[in-house]
Amino acid sequence: MPVTLEKIPGQEERVILNMGPQHPSTHGVLRLVLELEGETVVRSLYDIGYLHTGFEKSFEAKTYTQCITLTDRMDYLAPLSNNLGFCLATEKLLELEIPPTAQWIRVLLTELTRIQSHLVWLGSHAIDLGAMSVFLYCFREREILETIFENVAGQRMMTSYFRVGGLAVEPPLGWLKPVEKFVREFPDHLREYEDLLTKNPIWLERTVGVGKVSAEDAVAIGLSGPSLRGSGVKWDIRKNQPYSSYEKFEFDVPTRSEGDVYARYLVRLEEMRQSLRIVRQAIDGMPEGRVRANAPHIVMPDREEMKTSIEGLIYHFKLVTEGFHPPIGEVYQAIESPRGELGFYMVSDGSPKPFRCHVRAPSFANLQSLGKMIEGRLIADVVACIGSIDIILGEVDR
Amino acid sequence: MIPLSHVLTLSVILFVIGAAGFVLRRNIITVFMCIELMLNAANLAFIAFSRYLGTLDGQLFVFFVIVVAAAEAAVGLAIIIALYRNRETLNIEDLDSMKL
Amino acid sequence: MATLSDTELFLLVTMIKIAVVMFVLMTTVAYLSWLERKVVAHIQSRWGPYLVGPHGLLQPLADGVKFLFKEDIVPLEVDRVVYWLAPFLSFALAFLSIAVIPFGGTFTIQGRTFNFQITDVNVGLLFIFAVTSLGVYSIVLAGWSANSKYSFFGGLRSSAQMISYETAMGLAVVGTLMIAGTLSLRGIVDGQSGTWVIGTFNTYLPRWNIFVQPVGFFVYLTAAVAETNRIPFDLPEGEAEYSNMVTVSCLATLLFFGGWHGPLFGPGWLRMLLPIFWFCLKVFCFLFFYIWMRGTLPRFRYDQLMSFGWKFLLPLGLLNVLATSFVVAWLSA
Amino acid sequence: MEILFYICAAVSVLAALNVVLQRTPVYSALSLILVLCLLAVIYLLLGAEFIAVIQVIVYAGAIMVLFVFVIMLLNAGREVPSERSRLARWLGVPLVIAFLLEVLWAVWNQFPSGTAPAADFDAGPAAIGHLLFRNYVLPFEVTSVLILVAILGAVVLAKKEE
Amino acid sequence: MATDPNSDPIVQQLQAFAGIAFEEARAFRGELTLYIRPESLIRVCEFLRDAPGLTFKFLADITALDLYPGEPRFEVVYHLLSLDTARRLRLKVRLPGEDPRIASAVPVWPAANAFEREVFDLFGIVFEGHPFLERILLPEEWEGHPLRKDYPTEGFR
């Protein structure tokens, strides 16, 4: 047990309780050390690193394209957001414009990813508080989304679908049909979950006023994403610093001022609706055209071209054996992942492998707010609070 | 029918066992339980007499004894908890001063 | 068949009754787990058990066999005796309370009348309360004997929960008792036969206590859910809850829903068996309600649970008793 | 019927002995609960159904739960024999046996085994209630005050000092 | 983006406040990077957080670079964000390879806590005044700091 709390002299009656790393409601392998006075949490400490895989070190030994598959595995509930963040950062480094079709598909898929991620959050949050059915309903919906991802990218979870300069392959014909069906049906299902939870007195008892974080505290502690908006700070990178042509889509940024578990719950529910709105616009306004930028020294040539033209073959050979060379420089690209600000800090020394690629993981920063939420509250609220900040340990530990 | 003397014998045996425990045991909770045992022995005698005299009054006495036992247990156990908190022992030999 | 003496007949009939009731209870408890899994699964758009037998009907059997062959893990440093005693106690008590539950009217063999009930105690209701009040031990001992801080806290909490809700449960039935004027379960049910007649107007509503004791019923139902540690009061979990569920469902049927009373028709043998059917149907409805709730509700926090019990249910039960006593006194005066 | 009484009596004496001889308080408490339940059965045999049930509900179901709680909370382990307890044994056991014999002698003299029980009488809850709220209403009220005082006392005593 | 970074209002404001703390400003892909002297980091941070018109109240990230074998070897990188003006700013502090130490930013932004622990864990840079500077991702008994460029990537440790 490396991390533990020391007993304060004179407070020997307090109990030091270890929670996790294999506790069912820690959403992965998070270990908490709680000091309890009776049922009240007085101090808390979290211990992470059980999933540490050294992605940042691995990035330095891989070409940019190879890195993309690694990013999937950080936030395994929102792999496409991670792909997007990495690709955008690299594209910023390269000053590469990608065609609108690719941008639209990226937006559509990342918003579906957001819905998928929020569904898992809602389900596991609900089952933590005892509502078992919602969990299974959410996974039923998630299944549809995973099928859509599989249809497009060939993989359900570890999609690795975005590439520097566009998409890996063109999506198959008719891939929008199931998306349209989902968009049509999902609002009803969402209403169903709301019927089960939003006005349920027991749910209200468990969530209202629990785990309060004020707006100032939230900013100071580095909260981002829905958790920050739940505290009343209207900040959404998609809106305030648009990327990937988000400025062309219409959507609202839901906020609540209460800053408790219930507020974060409502914000995420509303976010799913807004995501749906974006998806609908993306389907309607999907432009025709290529899904990869016309930059042969960066983007892999089409199979056809590679087989018929000598330039295509040479570019293909160069890209596969060596990769592309971005200019020397450093960029920081943040996107609004389902959990908050997902930033990629990329430093290039001109070689085909990143000199340094650091990930600003939203879960890692958001986890810091846990102490503020649970200290002074009952131990049973810890579970509700962990659920409400929606951490993914794969991303926390990287 | 069960003879009255047999019931009373059982009552006496239980009472004496309780009394012996009261004298012999050192753990204050066990001592307390021995008191409960003695109370129950008395209750048995009450019931037996009620049955053999044909009146209900004996049963009512048992009723009251149970109530008193409940009150006594509540207060007694609270005292034990308070004692334990201050002295960290349950051995009555160590609880020999009047001060908490 | 040779004629039996009265004592022999009594013994024989009682033995058969015990055997039948035990058999039915055991299968009910086993199949309740199947039913629960199936119903909750369908609520959650899943299949539930379906591999073992048609619709997974043999699943409880398979589970039983699995339990028999499963390695029994006894943690180090546990108190062996208590560790074994606790679950045994909980099952024994659950079966014990079923002994006084009447599940039908009477039947006649060789001119002697028997009840559809293992034994009719004139303080039957109190008997059930007595038995359930012992159920606390199984939980607190189980928590203690495992020699772990966590299970001990769990045991303490859930026993505190049971004790608190027992009080509310007791108060809830007092209203019914005052109306029936007896503690015998059979007597309480007999008081609920026929229909409500106001003046000369027949309402055709069955004379069930639920119509005069809705508050009592509500308190009883809530307390019973807590008492059996079901969602949303399911802070501890256990298998014996199934048999306790059967008991409290039976009790609810007897106290508030007229027991075995229901429409009677057809030939004599049907008239004899129909009450049992009505009784089982009502109990089943309660059991289904339990399972339904499990598929729907989230869970209370512990302090909320306790304050709900003490600050809401208990006063409500008290008020109910007060109001009922006034009405009863006014009607009898 | 009689045989049941003797079985219960024998088991309860053994259990009572276990209460006293057992060094682990939890086992003592469990044995005591067994004694209480057996006594309830004997009450039933003696025609006191109401008291029997009350005995189980209140004594076994509530009072002893308190004991078990306290034992577990204070984590009372095995009792260690001390010097003085040996003295008590040498002095106490003979005295106790003498006392037992004396009382037994008195009982057997006073009530020869032929004493017949009175005729069956109504010991149901209704009869007890009538008696309780007519003849014994003052003691009843006094005990209710006693209980209230006990509750308050327990709360005050067990409360942690701030 | 060939604009002169020194003409940026943030740079001018900062230079007016503490010109001595200020080493260099760079702009790349529209991102502004300021190099700060390590000893005046906390002063600059507080200024950036509180000064009207700047309000970098949100600390997005802290990380580090290892320029091994160059000297000064380490660069600690702070990514700041102003929620009011929606601007981002990168602060950099150069530290020597021998015993890299810098003041902790936790008093300015509580969010720095975990980030600094991570940098300490993976780079071995000590943040003075940090309330709980322990390894965060790696086990306590781990040897070395893996994100340093001279950390062996193969063979047995």
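Letters A, B, C, D and E mark the chains as written, and numbering starts fresh at 1 in each.
As a working rule, a residue touches a chain if its C-beta (ideal position, glycine included) is under 8 Å from a C-beta of that chain, and two chains touch if they have at least 3 such contacts.
Since the structure is predicted, the reported quantities are computational estimates derived from the model, not experimental observations.
Asker: For chain A and chain D, what is the smallest step count along a path of chains that touch one another?
Answerer: Shortest path length, in steps: 2.
Asker: Component check with chain D excluded and positions unchanged: what groups of chains do you get?
Answerer: A, C, E | B
Asker: If you tally C-beta pairs in contact for every chain pair, which pair wins? Let me know.
Answerer: The chain pair sharing the largest number of C-beta contacts is B-D.
Asker: Mind checking the centre-to-centre distance between chain C and chain E? Centres are C-alpha means, answer in whole Å.
Answerer: So the centroids are 66 Å from each other.
Asker: So the centre of each chain is just the mean of its C-alpha atoms; given that, what is the distance between chain B and chain D in Å?
Answerer: From the centre of chain B to the centre of chain D is 6 Å.
Asker: Between chain A and chain B, what is the gap in Å from one C-alpha centre to the other?
Answerer: For chain A versus chain B, the centre distance works out to 66 Å.
Asker: As a quick test, compute the distance in whole Å between the mean CA positions of chain A and chain E.
Answerer: 25
Asker: Can you list the chain B residues in contact with two or more other chains?
Answerer: Nothing qualifies.
Asker: Going through chain D residue by residue, note those that touch at least 2 other chains and give them in order.
Answerer: 50, 54, 62, 73
Asker: Note the residues in chain E that touch 2 or more other chains, in rising order.
Answerer: none
Asker: Hey, how would you classify the chain contact layout here, line, ring, star, complete or other?
Answerer: Graph shape, chains as nodes and touching pairs as edges: a line.
Asker: Provide the full list of chain pairs in touch.
Answerer: A-C, A-E, B-D, C-D
Asker: Quick one: in the complex, what on chain D touches chain C?
Answerer: 26-27, 30, 33, 37, 40, 49-50, 53-54, 56-57, 60-62, 65, 68-69, 72-73, 124-125
Asker: Any idea which chain B residues touch chain D in the complex?
Answerer: 1-10, 12-21, 23-27, 29-30, 32-34, 36-37, 40, 43-44, 47-48, 50-57, 59-60, 62-64, 66-75, 77-82, 84-85, 90-91, 93
Asker: In the complex of these two chains, what residues of chain A are touching chain E?
Answerer: Chain A reaches chain E through residues 2-3, 48-49, 52, 54, 56-57, 61, 92-93, 95, 219-222, 224, 233, 235, 240-241, 329-332, 334, 341, 343, 345, 347, 355-356, 358, 360, 364-365, 367-368, 397-398.
Asker: Which chain A residues qualify as touching chain C in the complex?
Answerer: 15, 17, 39, 126, 129-133, 136-137, 140, 196-197, 200, 202-203, 205-206, 378, 380-381
Asker: Would you pull the chain D residues touching chain B in the complex into a rising list?
Answerer: Of all residues in chain D, those touching chain B are 1-2, 5-6, 9, 12-13, 16-17, 19-20, 25, 28-29, 32, 35-36, 39, 42-43, 45-48, 50-51, 54-55, 58-59, 62-64, 66-67, 70-71, 73-74, 76, 79-82, 84-85, 88-89, 92-93, 96, 99-100, 103-104, 107-108, 111-119, 121, 123, 127-128, 131-132, 136, 139, 143, 146-147, 149-151, 153-158, 160.
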